[in-house]
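One structure is given here, and the rest of the page talks about it.
The chains carry the letters A, B, C and D, assigned in the order they are written, with residues numbered from 1 in each.
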């Protein structure tokens, strides 16, 4: 141990705020990126699952495309 | 006289924005034929033509030029292919004459008399030295079409040639394409105009398969 | 050889390998990083010139290392994308560019904080910091271009061109910034340049660099897996994999 | 349309030489630019205005201007070139001439080189010619002005060449102008550093031959590499449209 006491370790002879701020930001950002990456992975995975499930339900009933008619849309004028 | 195909597509596939636009498309383009690419809006006609012309590189499959992969001799492919797209390739600030000269410059030098004749052939006699921005949309397209009257490329890829052209012009262009095919050129067109030419081949996109 | 190369580019193959390696990467990375940082913070001797503020080196240097090596690895992947059109290479570039941006930012941020006790000011136009700032801009450009192009394949290829242009420029930028620095403020005290560094300082630094590289490996794997899921969700193998994983 | 005299269709074996194709591209761009002279003036006006902002915004003091004049002029020129880059391919892209350029049976990078040189001649070169006047306005001495012009003369083509890569990459995108600046400015930094550094060195009486040679090396590097990158980028942007 390079320090005499725990408080000396925190203070680091006056350089404490700088050192600890750096470490805090480093840890927070790195952990944040890691957590975010995991979260995103899971959300994409979930989205895929939902998609496959709905696909499985609707499979077989392919929707036929309605032909274009270009009829004018009636707008009620109340 | 059935000669070797100029351009051959094997299992062409193109995906765009997560959508499979072209799939399992195989066909060949033979000299002396007129082929029409058919399909509804959004079926990939323009994309297909851009792929064939070499503008779009985002496809898989094989494209053979005179039997060899096109990538092997791109320069010879480009030298022998003429593409006219939706956008006519006409600079509004230049005159028809200057535009035509610039379009021909990288391919084949043609003297101005010939170009003037070509312009006259598209009905633009007298407009040779008017800036193109003063011409109508149809006239601007005619400037681009004037290239067809002097082009010696064996393969023509024409996207929506008849857009903004009047009825008389359409008839004349139809005749030109037919005559070109008769001479041994290969012409591929996309158009919504009801093109009726005897012996015309079809490539149907969207649900259908290639080659009639 | 060719077969192997082809296999290397297959997303399915990568997915399996990545899943197998990821726990090891994560555990090893966290362990080494924690060991390096604790050693550096608490046990490494004080620097006789800078005092305790030098302990920032144990995160500043690894971040800077990664910031640079990530860009270089992106450039290698860019060559692969452009020459062989390997899917996995695009995925790699897209997945790790934000990671590179983060490490560049961390290197800059820790450098700036370190500057305060050392130079008495938050920011000095020091050659290294300035070069790092430009690297941050390069990362920003890569990410902005990737976001701006809708079509994935075009985006990947455009980004590859940009990354390659950037990597050709990096040595030139580095050299010119060094020269500019000597022109304007001759021979300042450099943060990390030490003629001699005792073993007790080197070892924790080495540990944290290694740990961070392993963590980067883990980050790359999970982000690439996500990206592969997004791109390949219509393929059969992803479908089977996802549905099998649910049970 | 009589076909009597026309031979049957045969493959085209021989084309035009690449040099005359390049010349045609160059000539067309110059001609188009001169049909719209106002556009030629815009970067120049921008250049003058940005330089004017510094005495107004910072200080009109002679000593300040003398010291930072070269830097101000360089930054202003860089921004002016950046501003004009958006047009390098955009109009051609919109009217379809760019498609036809890509399809020419010529090496694309050489055609792009011709286009870029035309761009430099129409924007960079006028800036170089105007810079002595502005140099006088920021109280640079004669020697500094001469060196400044020389660095701009070597540096602005590099700006155009590197910029063409960015212009090709951002072609057809929304907010392409801002994105272009984001991509390109970091790559401009070495040229800027050596451009202003050379003038500073000259002001201190140091020999500048070596620095100028180095800038020349940048130019050679940009001339050989940038057109390839632009051509690749252009093909990608074309595929995407």
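In this text, a contact is a pair of C-beta atoms (placed from the backbone, for glycine too) under 8 Å apart; a residue touches a chain by one contact, two chains touch by 3 or more.
Because the structure is a prediction, the values reported are computed rather than measured.
With centres computed from Cα atoms alone, the innermost chain of the structure is D. Chains B-D form the pair joined by the most contacting C-beta pairs.
Ranked by how far their CA centres sit from the centre of chain C, the chains are topped by B.
Chain D has its Cα centroid 33 Å from the Cα centroid of chain C.
Separating the centre of chain B from that of chain C, both taken as means of CA atoms, is a distance of 48 Å. Here the CA centre of chain A is 20 Å from the CA centre of chain C.
Each of residues 58 in chain B touches at least two other chains.
Looking at chain C, one finds that residues 151, 153-154 touch two or more other chains. Chain D has residues 236, 239-240 in contact with two or more other chains. Going by the touch rule set out above, the chain pairs that meet are A-C, B-C, B-D, C-D. On the chain D side of its complex with chain C, the touching residues are 162, 165, 169-170, 173-175, 179, 182-183, 185-187, 189-190, 193-194, 197, 200-201, 218, 225, 229, 232-233, 236-237, 239-240.
Put simply, chain B touches chain C in their complex at residues 15-18, 58.
Here chain B touches chain D in the complex through residues 31, 53-58, 66, 75-81, 83, 85-94, 98, 101-103, 105-109, 121, 131, 149, 152-154, 172, 175-176, 179-180, 182-185, going by the rule given at the top.
Only residues 1-3, 9, 12-16, 18-19, 21-23, 25-26, 29-30, 33-34, 37-38, 40-41, 44-45, 48-49, 51-52 of chain A touch chain C when the two sit together in their complex.
Residues 150-154 of chain C are the ones touching chain B in the complex.
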